[in-house]
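Right after this note come the structures.
Below are two complexes that have chain A in common, paired first with chain B and then with chain C.
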Partner chain A sequence: MTEETIILKDLESAVLNHDDQLLNKALKIAIDAGIQSVEIRRSILGGLDRVRRKLMSNETSLPELLISLDITAQGLETLFSQEGLTPAKDPVSLVIGVVEGDPHDLGKNIIVQIYKSFGYEVCDLGAQVPKERFVKAVKEKNARVLALSAMMSTTMTAMPEIIKEARAISPGTVILVGGAPLDEVLARTYGADGYAESAVTILEETERTITRCMGKTK
Partner chain B sequence: MNQSTPTEQLIVPYGVVLCGAARRLAGVSYRDFSTKPEATAESYLCAYEKFGGSVLAWTDLSIEAADFGQKIIYPEESTAFPDYTDPLIKDIEDYRKLKRINLKDAKRMQGVLETIRIVLNSKRFEGGSIASLCLGPLAVLNMMRGAKRLFKDCVLYPNEVMACMETITEVLIEYVEAMCDAGLMNVALDTLLASWSGLSRELWEKIEGPFVREIADAIRKKQSLLFIHNCGDGPYFDSQIKFMEPMAISFAQLPDDCPDRKELKRRYGDQVVLVGNISTPLLSYGTPEEVMAECRVIIEDLAPGGNFILAPGCEFPPDGPFENAMAIIEAAEQYG
Partner chain C sequence: MLERLRVNIQDRLYGQTRKSLDAIQELVEEAICTAENNVKPKGTYHLLPVLNTDKDAVQTSAGKIQSPMFSHLVNQCKGERYIIFMVVTIGEALEEMGRSQKGILYQWVFDLVGSELVELVADRLEDQLEKADRAGIQYSTRFSPGYCDWALEGQRIIFNALDVEKIGVTLSSHMVMVPEKSVSAIKVTANEVPFSKPCFFCSKKDCHWRRL
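Entry: the complex of A and B
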């Protein structure tokens, strides 16, 4: 195993085992050794992806994912604070928020961290977001994806109107909804393109939905 | 607990679990429903008159946290929730600073107790039965710290979290004992974080298991029946049974060790009464026919052999159509 391979493995392992000391040490060595940022990024995200997959197969739990997400963010921030490095070329522009009246943002925050880590350009509107702010952001950011979250059955009913107005102003935007009181059928009923069942599988669902929508427009 | 033998007609008990939705029957705002025991009681009396059966005297997830001093927002027409921008537990050091509160000064918990007394003393409630719900200490802490911070703290600072849980548990024991003294025959404990969408099994057993065991013991000592409610994804039935030995578990999603309802019945059907698990999204948007069809499948899977109560996986959606609540009752009668 080459020295570069060992350093990159250390980076992956640091995220997997939420070891911030190892991350800082390996990251410094990697940058000083001139390892390409794309390789460093790939290793950090490799660690995060392993945590995500362990969660999918019940081998780990949400708290561990949250800690690994923090370490990933810390690593990527250090990496991209180096002069001349940028997170991703042609990132997917995405607007996300929790609908008006709903303060529950744990799921949304996890998703934001995952999207950002994997190179999406995220406009996070936060929680309790009025319809007008979603629509304005979709237009201003020329959003490829709009992701709406609701954790209460009393607030999810705001979604159809947001979807309708966002579609009117930006027909090409792919719209995903998620949250505990929703399911796939309700997502369709509300006019969304996709349903995000879990924060853990959000990347796959987003990519699948974008691909499906592209197929429809061909 | 068995309701039938294979040769008998199945009797399917049901629970509609109208909580927030009950206020609509009484024309009460959500804010009053959460904060005024007379309004809460009136809501439940109306629910009993319309749907019969039992009522769950519970309003929202913020009752216990409010009494510890967490700032709560009470929207006029939606469920109360903590002000997450101003959590009571702001830093790790705050876990050990949480003060024990006196139950007699706990306004919202006293409100629940008062609601129970009003309902039980009402002539309109003759023949009815009433239950209530107490959040487990970790769920209370969730309201005062915020889920994201709490989840990480459980891994990184378990001793601090557990020190705080001890303080909360002392109060919750007093609370459930007062519920039983007020006349409740059933008390439900909400252990939401004992699930795949909460902590790992090992971490939950370490952090919350010992504390909920104490609360469960207190309920049993009062001769009341212990229910568990857990509407998380992949609840850990085995761990919860190990620590609390409940009579029943109300659930929305399948346990993490059961791929389908039939396996759930096989594995746990003789250990606890299974209460559930009608989809709450379906109750929000489905037609009564669709609700009845889902109930039929659930009854076929879970009712044979007894130890089953047909009910929503969580509270009936606060804005859900009452026709769908009626469909649950019709399904229990028609397919039972």
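Entry: the complex of A and C
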């Protein structure tokens, strides 16, 4: 095993085992050794992805994923604060927010951190976002994906109008909805392209929906 | 109450984590200390007599409680029947701390501690009510809008029945309470309350909220 491979393994292992001290140490060594940022990033995300997959198979817990997410964010911030390093080429532009009247943003914040870690260019509008702000952001950011969250049956009803107006202004934008009161049937009824069931499967669902929508437009 | 809070949080965490992680335990303690130093729980309640009932709703002077399950529960009660309306809150201190830029785990832990604490405050108010009241009177457990078959719009009746602003809680047009860590509920009280909760006669065995 080469020294570079050992360092990259350490980075992956640091995220997997929630070891921020090992991450900082390995990151410094990796940067000083001139290892390409794309390789460093791949290793950090490899660790995060392993935690995510462990959670999919119930081998770990949500708080453990959150620790790994925090460590990943810290590692990527350090990495990309180095001069001349950029997170990703042609990142997917994504607008996300919790619909008007709904203050519950914890789930959305977890999703935002997952998207950011995996290289999405995220425009986070926060909570209690009026329809007009979603539509404006989709247009201004030329969003590939619009992700809407609602945690209450009284607020999720705002979604169909947002989806309709976002489609009118940007027909190519893929629209996902998620949150406690929603399911796949409601997502379809509301006119969304996909339903994001949980933080664990959000990446697969987003990629699957983008691919399916690309197929439709061909 | 804080000891009970510690126990409840551990129960919740052990449901999620197979091992006790130091990073999580430290944050839980920080959140509990923040609660101890900064949270001043508040609550209010009021009793109104049941005016009449049908199979779908219970009528009070504050409005109609539109819930067939709760109505069925009230209809089983014997003697003079009253509805207790209650709201408790722990304010915004924990919420605000959780939102400080210290990472997503931090926010999750503060949210968890806040949710558990406000439920304990509601439990405490129920205990006080039941201990202080007349002998021989029975009570149901609390029943909240947005659960079972009672739509969230039921919040309006609770807020009609109480002066909730005096404890710093408001209701948005979307029926969301501010501060978020607040609990609103009703209970029925009568000489005889044969069923303490609708779960006893509910056929939905797979309900996530079933309390039997």
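We take it that the second predicted complex is superposed on the first by the 218 of 218 C-alpha atoms of A that agree within 3 Å, B and C clash if a C-alpha of one lies under 4 Å from a C-alpha of the other, contacts with A are read in each partner's own complex, and residues count from 1 in each chain.
As a convention for this text, a residue touches a chain if its C-beta (ideal position, glycine included) is under 8 Å from a C-beta of that chain, and two chains touch if they have at least 3 such contacts.
Every value quoted in this text rests on a predicted model; they were computed, and no experiment measured them.
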Will chain C clash with chain B on chain A after the two structures are superposed, or do they fit? clash
Just checking: does A:Thr154 make contact with chain B only, chain C only, both, or neither of them? Give me first, second, both or neither. both
Should A:Leu106 be classified as contacting the first partner (chain B), the second (chain C), both, or neither? both
Once the two complexes are aligned on chain A, which partner has more residues of chain A within touching range, chain B or chain C? B
What is the contact status of A:Ala73 with respect to chain B (first) and chain C (second): first, second, both, or neither? second
Contacts for A:Ser61 in the overlay, against chain B (first) and chain C (second): which applies, first, second, both or neither? both
Just chain B (first), just chain C (second), both, or neither: which does A:Thr189 touch? first
Of the residues on chain A, which ones does chain B touch that chain C also touches? 60-64, 66-67, 70, 101, 103-104, 106, 109-110, 152-155
Where on chain B does chain A make contact in their complex? 20, 73, 75, 77-79, 81-84, 146-148, 151-152, 154-156, 196-200, 203, 233-234, 256, 279-282, 284-285, 317-320
Going by the contact rule set out above, which residues of chain A touch chain C in the complex? 18, 60-64, 66-67, 69-70, 73, 100-104, 106, 109-110, 113, 152-155
Under the stated contact criterion, what part of chain C meets chain A in this complex? 13, 16-18, 21, 23-24, 103-109, 111, 146, 151-153, 172-176, 178, 180
Write out the stretch or stretches of chain A touching chain B in their complex. 58, 60-64, 66-67, 70, 101, 103-106, 109-110, 127, 152-157, 181-183, 185-186, 189, 198
